[in-house]
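So, here's a batch of structures to check.
In the two complexes below, subunit A is the common chain; its partner is subunit B in one and subunit C in the other.
Our next item is the complex of A and B:
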C-alpha cells in the first residue's frame, strides 16, 4: 500500500486559515503514506500534473486529495488518477475547506488540528479502497419529447435534423402549446399563430419525428440510454424505448381566484391571455381607457395551488402537503419574468389600433431587461402611461356601471391616491407549474424546487439537465420563459441529449449495492424500499440491476440479514474512518 | 461539410459550446484573445443565487476543455479573416507571440518571481500588481507564462532562470489557417468606464469603486485575500452603498446606452449579501431605479436579502457623490421618493454597477464575419423570436452577453451556448 496525500491551499481559502505545511508534515507520519505535498491549487493544471508525476515517481497506488468538496471536484481528480494509469476508485477526497477552513476561519489552530483529523480519516479509508469497474451501457439513438409547445417542437426538430428518431407526445389534440393562446410575440410583434404554424409544419413533415397527440405518459422505467416508456394513447397503450427524454410539458397561466381585483365578479376585469384573445378577434373596440395591473399573484405570498386531495401517497407528496398547509397568502413567490414585456406588447398593440385609448400600466418594478428597454421606450413614446404602485397598498376596483370600473391606486411617485375610470382592467398573472407537475416529477424521479417547477441538475452550470442522467428540461418546466427563451432552451436540451446519443455508450457510477447470496433470505424488503426499482427477487434471492442502482444505501441499511453491502462504501471502509477519528492511538497514528 | 467548429471567445459560453460540440464528436477550435480561457466568470467571487464559489465550478470545465481530445485551444489569438460559407469557412487566425514556448513551459512561475517589472494586474482590475512575464491567474488554462512586451525591459532574467528553456524572446506572430464547418461567436462583454459620469467621482475618489473591483476585493483569491477594505486608508467599511444603472438606461448624449444591463440588480444583491457576511453589522444600501431581479430563485433571494440580511433597497438614482476631504467618506445625494425632497446619506464605500458593453473590437469582428450589430454594438440575431441564436450568415451563430437581446447571467449564457452547439450540429448534419 503506497498512499500519496495532496493538500490544497486553495489560494487563501484553506491556506489562509489552516497551517498547510504543518498538516503536510503530519500527513507524512500516517501509516502507508509514502508521499505528501501541498499545492497552491491542486485542481489547477499544475496541481494535476503534480499528482501525475508523484504517482509515477513514488509508485503510488492510493491517492488522497485534501481540498474542497467532492461534489464539484471529485470527477476531476478521478480523471487525473485514471490518466496516470490508476483505477479512479482508489481516490479519496478529504474536505478541509467547507468542513474546516471556511467554518473555522476565526480559529486557525483548531482548524489545523481538525484538518489533520479529516486527512487521517481519509487516509485510513483510502488504505481499504478497492478498484471498481464502472458498468457501461449502450445509448439508444432515439428520444422522447414530452410536450409539443415551441420548446418541445424545437427540441424534437433539432434532434431529428441530426438523424435521431424522436417521439413527440402532446396531451392536447393539437400541437402548439401555450404560444397558440397568444396573439403577437414581443419584441418583433411576430404573429404567434404564424410562428407556431411554421414550426408545426416542419415537425409534421419530418420523417424522423413521430407525433403522438392526445397522448400522456403512463409509466417510465429504465435508465440513461435505455428508458422504457408506456404511453397512454387514444387507442389504449403503447410501449416505446428511447435513449433520452426531454421534458417540455410547459406551464399553466395563473387564474386569479374569484374576487381578487374583482376578477370573476365584474366581467370587465380580465387576464392578459383573455386580452390576447380579444386583440386577435378584434373585439376590444375603441375603449377610453385600459388599465393593466402587474404582479397579480406573483412576487407575493406562497404556493397554494396543488390539489392536495388528488396527490398520490409518497414522501414528496407528504412534504408538499406539509409545506402547503403552512402557507397562507394567495399567489406565487417568484417573479414571472415575462409579464412586463408582455403587458407592454399588448399596450402597444392597443395604442396602434386606437391611439386615443389611454393605456395605463400599474407596476411595482418594470423588469424589461437588456434591449427590451427600447421596447418599453417605444410604449412611452406612444404615450402609454406607467404608474408605480407599492405592494403594501394594492389597487382597489369599484364598479361604476356595466361598462366602467373605477380603479383607485396609490401612485408612489406622486405620493397620493388617484382614481381612474377604465373600460377594461387587465390582470397580468404569472406562469405557474402545471397541476400534473408533481406526478410527472415523481414518475421521472426529478426533484421539484420550492417554486413548484422542476429542478435542474445545477441551477447555474447545468440549466437544461435534470438530475437524472439522460433526462433534459426545456421551456417553462423550470420556470417562466418567453418564446425566444423557450426556443433557445429547446435547442439547448437537444444539444445535451445529442452529446449522450452521439457517444453511443455511457458508463455509470460503480457505487452500487452487492448482495451476498449466502446470507440473503429473499425477504423482499430491499425490493420494497428501493426508490429506483433496482432490486428484484429472483429464485428466492435479491438481484441488483446495477445500472438502476444509484448507490443510496437504503437497502444496505434496511437488510435484516446484513446481506447487502455497498461498493466503495463498505462497512469496513466506513468503520476504519470512524476508528481513525475516535481512537487514533489504536490505529497507530500519532 | 467540414465536421469542425470555431468558437470565438473562451468565457463560460464559449467553453460550454466547445464542450457540447466536442462531446458530439466535432473537432473544435476555441480561440481566446487573452492568455487564458475562463472569461468574466473566473473573476467573480461567488455566483448568484446559489452562492457557489465561481472559479470552483468553472475550473473543472476549463480543464475539461484543455484535456478534451476534440478541443484545440488557441489562446492569445485573434480571428483575422473569414472566407467561404457554411460547411467550409476558410479562417485565418493570428497567434500572438507569447515569447514563451507553450510546449516547453511548465508554468512553474520562477521567471515571474525574478522579473523586476511590476504592472497593474488586469485580472484583479488593477488592484494588485503582476510582473511583465505572468500568468493571469493561478488556475489559468493553458498553464503557461506570457511576456507582456509593452512593459518588458528585455533584461533577459526570465530566460536565464527558466529551467525548461521555454522563454523565446524572438518568437514571431504565427498565422494559423483552418477549414471550418461552422462558427460560434461568444465574445462576452466589457464594462462601461464610470469616470465618464464625473458626478460619481470614480477615479477621483478612492472609495468609489466598481462592482468588479468589489468582486476581487471580496474574493479569497483576490488582492486582499478576501478582506474587504477601503482603498483610501485600509479601514473596514461599515456603511456601503451600491448604485445601479451607472451608464445603463442612460440616454445622455455622451453615453448613449439606453439598454438595461440585465445582471446588475442581481449581482449587486449578491455582493451586498457577501459584504454583510464579511462585515457583520455593516449597513448596506442599494440605490436602484427598477429592481430587475427576474430569473429562477431570485425574487426569493432578494426577499432573504431584505428580511435576513437587513439590506435596504432605496428606489432612487443618485445625482451626485461628494467626498469628505478629511475622512474620505462619501456623501451620496439622491431624491427621497417618499418625501420627494433631495436628501443625502454618508457612506464609507460606494460601489458603482457599470453598464455592460460589447467587447472592444466587437465591431471589427462583426465586419470580419459579415454579421450585424445593433445600435449599441451587440451582435444582432437573424430573428429575435424564431431564430434567436442565428445570424444573417448561415453557419455563424451567437451566444452569451455579446448578443443583444439576451440576458447576461450564467445559466442563460450556458443555455444559449448549448443552443448554438445544437445549431452547429444541425447545419453540419446536412
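Our next item is the complex of A and C:
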C-alpha cells in the first residue's frame, strides 16, 4: 500500500484559514502515506501534473486529494488517476474547503485540527479502497423536452437538428409559453409574437420533433440513457422511453394578493403583464400620468433592518408600522432580474406613443446592466422619472375618483414625502416557481433551492445540469431569465444532452451490491427492499442484476445474514473512517 | 462528572444527494458553525447500518448525526424511510443502555438548505455540550460495564435473529404495531444479554453461571434461561466444572 496525499491551498480559500504546511507534515505521519505535498491549486494543470509525476516517482497506488467537495471535483481527479494508469476508484477526496475552511474562518486553529481529522479519515478509507469496473449503460438517442416556451422549443430544435428524436410536451393547448403573453421584448423592442411564432413554425415543421400539447408528466422511472416516461395526454396515457430529459417548464408571474397596493380593490392598479396587454391592444389612451412600482412581492424577507424610529417623523412612517404588521411582508426573497428592464421598456413604449404622459418609476434599487444601461439612458432622455423609495416605507395608494389615484411615496433621495396623482399604477412583480414545480422536482428527484426554483448541479460550473444524470435544465425553471438568456440556456441544455446521446454509452458508477453466496440463505428480504428490483432469488440465493442496482446500500444495511456488501462503500470502508476519527477519543473497541 | 465545558466530537453520516450537498452549500454561502462535526459521506442514508450508529458511540463519539433527504425526496426513493425506522431501534437500545437518546439525531437537510445545516450543527453542538461527554470517557467500573453492554448490543445488531425481526418491518408486512414492538423489545433484550454472556466467555475463558451473573449483572435465573437457549442453538457448550458448577465456553 502506497498512499499519496495532495493538499490544496485553493489560493487563499483553504490556505487562508487552514495551516496547509502543518497539515501536510501531519499527513506524512499517517500509515501507508509515502508522499504528501501541498499545491496552490491542485485542480490546475500544474497541480494535476504534480499528481501524475508523484504517482510515477513514488509508485503510488492510492491517492487522496484534500481540497474542495467531491461533488464537483471527484470526476476530475479520478480522470487524473486514470491518466496515470490507476483505477479511478482508488481515489478519495477529503473535503477541507466547503466543510472546513469556508465555515470556520473565525477559528483557524480549530479548522486546522479538523482538516487533519478529515485527511486522516480519508487516508484510512483510501487504504481499503479497491479497483472497480464500471458497468456500461446504453443511451437512447431520444429526448423528452418538458415545456414549449422559448427555452424548450430552442432546446428541442437544437436536438432535432442534430438528428435526435424529440418529444416536446406542453401542458397548455398552444406552444409559446410565457413569451407569447408579452408584447415587446427589450431592448430591441422586437415584437414578442413575431419571435415566438417563427420558432413555433420551425418546430412544428421539423420531422424529428413530435409535439404533444395539453400533455403533462405522470410518472418517470429509469435512469440516464433509459428513462421510462408515462405522459397524461388528452386521449389518456402514453408511454415513451428516452435517453435524456430537458426540463423547460418555465415559471409563473407573481400575482399580488388582494389589497397589496390596493391591487384587486381599485381597478386602476394593475400589473406589468396587464399593462403589456393594454399596450398591445392599444387601449391605454393618453393618460396624464402612469406610476410604476418596482419589486412588488420581490426581494422581501431579506435580513435588512431599518430602524423605523430613526426615520423622519411623518404620517407615512406611522402608517408604515401599521401596514407592515397587517401585511406580514408577503413575497419572494430574490431579485427577479428582468423587472427593471421590463418596466423601462414599457415606460419607453408609453412615452413613444404619448410623449406628454408623465411616467414615474418608483424603485428600491435599479438593476440595469450591460447594454441595458443605454436603455435606461434612453428612458431618461424621454423624461421618464425615477424616484427611489425605501422598502420599509412602501407607497400608499388612495382613491381620488374612478379615474384617478393618489400615490404617496417617501422620496428617499429628497428625504421627504411626495404625493402624485396618477391614472394608472402598475406593479412590477417577479417571476416565481410554478405551482407544480414541487411535484415535478419530486418526480425527477431534482432538489429545489431556497428560492423555490429547481437547483442546478452546480451554480457556476454545471448551470444547465440537474444533479440527476441525464436530466438538464433550461429557461426559467432555475430562476428568472429574459428571452435571450432562456434561448442560450435552451441551447446549452441541448448541447449537454446531445453530448450524452452522441456517445451512445455511458458508464454507471461501480457502486453496486454484491452478495456473498455462502452467507445468503435466500430469505428474500433484499428482493422486497430494493426499490429497483435489482435482487432476484435464484436457486435459493440472491442474485444482483448489476445494471439495475443504483447503489443505495439499503439492502446491505438490512440483510439479516449481513451477506450483502457494497462496492466502494463496504462496511469496513465506511467504518475505517469512523475508526480513524474516533481512535484517539477512545480505544479498545471492536 | 459532567465537565463544565468540553468540545464534543460528533460523527455525521450524510447522504451524497441532500445533506452532504447542504453542507457544501453552507460552505459556499459561508454560513459558519463550530468545528465539532466530522462528516462521513454515504450515497444514501439507507446505507447507514444500525451498527454504524452504535459503533460511533462505542468508539467514543459524543454525538451522532444521521442526515439525509426530506421524506419523499430520497434519491433512491425509500432509503431515508428505512434508515428512520432503523434509527428508531438504535435509539431504543441507547435508552436501554442508559445513555441520553439526544446523542443520536436524525435530521432532514435538502441540497438547498445550507443555512439550516449550519443552524443544525450549532444546535446539535449546544445540545451535546449540555448533556456532557460520552459516559464511556468517564472511566471506572460503570464505564467498563457500559462498554460491555454496548459491545453486546453491537453484536446483537449483527445477529441474524434481531436483524430479521427488524428487517421484516421494512417491507410493509402487516403486523399489529403494539404486538410487534413487544416482540422486538423482548428479542432485543434477550440478544443483548446473550451476547454479554458470550463476549464475557470469549474474553475470560470458560465461566460458571455465578461468574456470568456477576459480570453481566443478570440474575442467575436469567443467565440459566439464556444458557438453555444458547446451548440449544449450539452457540455455547459445557466444557468442565468449577466449584461444583458447570463451566461454559462460547463456540462462535
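Quick note on the criterion: the second predicted complex is superposed on the first by the 386 of 590 C-alpha atoms of A that agree within 3 Å, B and C clash if a C-alpha of one lies under 4 Å from a C-alpha of the other, contacts with A are read in each partner's own complex, and residues count from 1 in each chain.
As a convention for this text, a contact is a pair of C-beta atoms (placed from the backbone, for glycine too) under 8 Å apart; a residue touches a chain by one contact, two chains touch by 3 or more.
Treat the numbers as computed from the prediction; the structure is a model and nothing was measured.
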item	value
Subunit B versus subunit C as contact partner of A:185, first or second or both or neither	first
First (subunit B), second (subunit C), both or neither touched by A:545	neither
Contacts of A:492 with subunit B and subunit C, given as first, second, both or neither	first
Which superposed partner A:73 touches (first subunit B, second subunit C, both, neither)	first
Contacts of A:450 with subunit B and subunit C, given as first, second, both or neither	both
Partner chain in contact with A:45 - subunit B first, subunit C second, else both or neither	first
Partner chain in contact with A:334 - subunit B first, subunit C second, else both or neither	first
Residues of subunit A contacting subunit B in one complex and subunit C in the other	449-450, 459
Touch list for subunit A against partner subunit B, complex	10-13, 16, 40-41, 43-46, 48-49, 68, 72-73, 75-76, 79, 158, 161-163, 185, 187-188, 190, 195, 198-199, 299, 333-335, 337, 365-374, 377, 412-413, 415, 449-451, 453, 456, 458-464, 478-479, 483-485, 487-489, 491-496, 498-499, 502-503
Touching residues on subunit B, where the partner in the complex is subunit A	20, 23-25, 47, 49-50, 52-53, 56-57, 59-61, 63, 66-67, 106-108, 138-143, 220-221, 225-226, 249, 258-262, 290-300, 303, 337-338, 340, 374, 376, 378, 383-386, 388-389, 404-408, 410-412, 414-423, 425-426, 429-430
Residues of subunit C defined as touching subunit A within the complex	9, 11, 16-18, 20-21, 23-24, 26-28, 30-35, 38-44, 46-52, 55-56, 58-61, 72-73, 75-79, 82-83, 86, 110-113, 115, 118, 134, 136-137, 147, 151, 154, 158, 160, 163-164, 166-168, 170-171
Residues on subunit A engaged by subunit C in the complex (per definition of touch)	69-71, 95, 97-100, 102-107, 110-111, 113-114, 117-118, 121, 442, 445, 447-450, 455, 459, 467-468, 511, 523, 525, 528-529, 531-532, 550-554, 556-562, 566, 569, 571, 574-575, 577-579, 581-583, 585-586, 588-590
